[in-house]
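Per-chain numbering from 1; labels A, B, C and D assigned in written order.
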Amino acid sequence: MKKILIGEKGRKFLVKGSEFHSNHGRVEIVEGAETATSHLGHRFSVLSPDIIDIYEKMPRSGSYMLKKDIAMILGMLGVGCGAVVVDAGTGSAALAIFLGNIVGPAGHVYSYDLRPESIAIARGNIESAGLTDVVSACEGNVLDGFSKETGSVDFLTLDLSEAWEALEDGKRILKRGGRIAVYNPYIEHARLVNNCLVELGFMEIKTLESSNREIEFRAQGTRPKTSRVGHSGYLTFARKV
Amino acid sequence: MKKILIGEKGRKFLVKGSEFHSNHGRVEIVEGAETATSHLGHRFSVLSPDIIDIYEKMPRSGSYMLKKDIAMILGMLGVGCGAVVVDAGTGSAALAIFLGNIVGPAGHVYSYDLRPESIAIARGNIESAGLTDVVSACEGNVLDGFSKETGSVDFLTLDLSEAWEALEDGKRILKRGGRIAVYNPYIEHARLVNNCLVELGFMEIKTLESSNREIEFRAQGTRPKTSRVGHSGYLTFARKV
Amino acid sequence: MKKILIGEKGRKFLVKGSEFHSNHGRVEIVEGAETATSHLGHRFSVLSPDIIDIYEKMPRSGSYMLKKDIAMILGMLGVGCGAVVVDAGTGSAALAIFLGNIVGPAGHVYSYDLRPESIAIARGNIESAGLTDVVSACEGNVLDGFSKETGSVDFLTLDLSEAWEALEDGKRILKRGGRIAVYNPYIEHARLVNNCLVELGFMEIKTLESSNREIEFRAQGTRPKTSRVGHSGYLTFARKV
Amino acid sequence: MKKILIGEKGRKFLVKGSEFHSNHGRVEIVEGAETATSHLGHRFSVLSPDIIDIYEKMPRSGSYMLKKDIAMILGMLGVGCGAVVVDAGTGSAALAIFLGNIVGPAGHVYSYDLRPESIAIARGNIESAGLTDVVSACEGNVLDGFSKETGSVDFLTLDLSEAWEALEDGKRILKRGGRIAVYNPYIEHARLVNNCLVELGFMEIKTLESSNREIEFRAQGTRPKTSRVGHSGYLTFARKV
């Protein structure tokens, strides 16, 4: 069982096993204890990791989806307990584990990626999140996945370099009323996706860019942080009617 | 059973019963049919409403939380299937029904509001969303709710004018590792909340502002929409350790 | 001589002559007086209009450039006293009068527009701004303007629907080290302009979008205004070397 | 006479004298030549520096005002040729030289700073910009400056830690109709400034935050840059009536 250790200044460690070494010293974690102290006297809170901890601490393969974009996908799709979701590409499974955390054992997330190294990392992260029964990371093309499942998927989430090629088959496997989200770093790709969705008869098509701005409360005064993410990607949403 | 009717240009209606009148004419909805046509010849897709439809079409009491803020709360807290959430004020239950949609029957959302007229509207909306067994809208102070439930709440979501007064009791009822989200329209209030959270020993405290920017794909070219929400509120997140 | 009248709540009127009627009543303006009072008892401050007053109150032809974009052009080009500027299309002369206000009688602004109705409005606005000796509004194609002036223009400002077609001639009339600004509502057009600038050997090429966010100080607290401009245009800057 | 050298990939150097050494090799600059080649074969364009070059390459003392904020001040005030401006604190004279470049020899910029080391750097930068006759960098409190000049200043620009203390005297030296700009990093300070301006009877009071977003045109597609300035300061504008 993994544990999360949080130091007094907020530094956070995901720890496997009962012992942990860092530049704060050696820490032994007693099963059931709420705190632990290193041999150098640093005190840590000990918690069971939640989905946010897993997301923040998990190994990554290549770029990964930012929490702001994951959040917007969850909210704009309205993903709920029990839903069936098809997802591609898996990447590090960042989006897939958030989806799995929501759909729970009554639903399922089928996530596809062509790259075996992504699938390997994804499976480890899914296991860390305790979601092996809920999220399947499959090595393969999402189109294969589409041929397997027929007609009853609630949501489709695509973060693929040529997502527009998956939209026709994607539409077929979606339930009527089902929703789709597509992530594109470049505006020209978002436009292509948008055009395809229009041609395929999707409704409620909307492309947006989400951004978060963190606020800093200092003794001198309050202001937004001086650094900030400039851009990650465009999110396109649509619905099969 | 309510139905969603979507016209050819995307106008959407939430319809109760088998007949519906609009300036597109009179429409009869045949049980099980996927489309319906008005006596003036307008064609509608007929769907079962999902949580997004309910949110978009539900009656409101006063101001309501925008989907961008709801999404960010869902994502930053990592709310999942089976979670227990305490929420206040209920308002129109916009946030509560998104929470209920996620936690499902294995979890529960207890939502409090002092205003009987909000509770009345909220209960109607919860029923429309099919979540009466999952979301309880309670007339009363969230602090009363806190005294009822002891020690085992996963998430706490506060959209109250003086949220800082609820933080100490709120902390008590949260599980260790549980997370809190507070919504404040004004920066001074967010600062107060932030200060209280620091004093109460919360960790992973972060205040942010979320914004969405919609993109317009026109024949002439692509650009962000010329109008845009300027501000709704600040979101503060923290965790009990 | 025009006057600016500012009411007690900030409403502003540009007045020609010594008498003025509004729903605040009839006002007589005494030459040299700093205030005026309407027959209904409303008091006004009386000022000579400055360039900001002229910009805010001038007649418009079609869309006009927002002050945020004008400001960014002035600042990114580094326009100064004595500079020679070629500008097109004139539109209402919003940008041209800001340029003229800066370059002064030691410099000159040559502004071109194909539409006679724009030129008529522009000339009125230039006169209101007291800049008839500094800003010439010329009916015609900016390319004609380019053929007239040879080799010694400091700055070139283009707000044209097909600005890329003017870049080659534009480069020729610019001084070495001279700078250009192009305004485009759509991103595809900004990309075209950018590509042309690269091909023509311009340096220091940069495209940006400027946005202002107004803050509201209310008794209850401080926050950004709830409404906001979503988008006006992209600004591309470059330099001839 | 200083020169600007721009390399083939856009790197820019401000060079004093006829010889220049960098990791591109040794370059001799022949008076009047438009290009120069290093002994390693790197080719440079040779230009006379303009105000943008000076701003980008000048020595700084501490933090300095970003071009987006300078631009917004120039545009929102409507500074023009011949204007008289009082400015404090000088800092590196970033704002002062942009102001001086605009007001020209028919106007003047009086800039105050308490720190002798800022004034020393500022004077060097003003000289580099060729503005010694137009911009005076004065060691001292802006309030002293106020007592010297009486009643005829067009614009007042304040970037001071306690700017609100200078507003009453500042108002006195402004012409009727004159405008003021105040820069504050923290929102609480902007609120204080705002309150003082209201109490002192200023009109057309507005606080805003300016931001620029740079666009990247890559072969794969177009998108905003992935990094971006998060915040610099709030700008408050007002007018004496």
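Note that a contact is a pair of C-beta atoms (placed from the backbone, for glycine too) under 8 Å apart; a residue touches a chain by one contact, two chains touch by 3 or more.
Note that the structure is predicted; figures quoted are calculated from it, not measured.
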Notebook entry, point to check: At the place where copies subunit A and subunit B touch, is the share of residue numbers found on both sides over half (same) or under half (different)?
Noted result: same
Notebook entry, point to check: Quick one: subunit A and subunit D, Cα centre-to-centre, how many Å?
Noted result: 44
Margin query: Counting only Cα atoms for the centres, state how far subunit A is from subunit C in Å.
Written below: 46
Next item on the list: Averaging only over C-alpha atoms, locate the centres of subunit A and subunit B and give their separation in whole Å.
Entry: 21
Next item on the list: Spell out, as numbers or ranges, the residues of subunit D touching 2 or more other chains.
Entry: 187, 213-214, 222, 224
Checklist line | Pairwise chain contacts, counting only pairs that touch as defined | finding: A-B, A-D, B-C, C-D
Next item on the list: Name, in rising order, each residue of subunit A that touches subunit D in their complex.
Entry: 185-189, 213-214, 218, 220-232
Next item on the list: Name, in rising order, each residue of subunit C that touches subunit D in their complex.
Entry: 4, 6, 10, 12, 34, 45, 47-48, 50-52, 55, 67-68, 70-72, 74-82, 98, 101-107, 176-177, 179, 187, 190-191, 194-195, 203-204, 206-215, 217, 222, 224, 234, 241
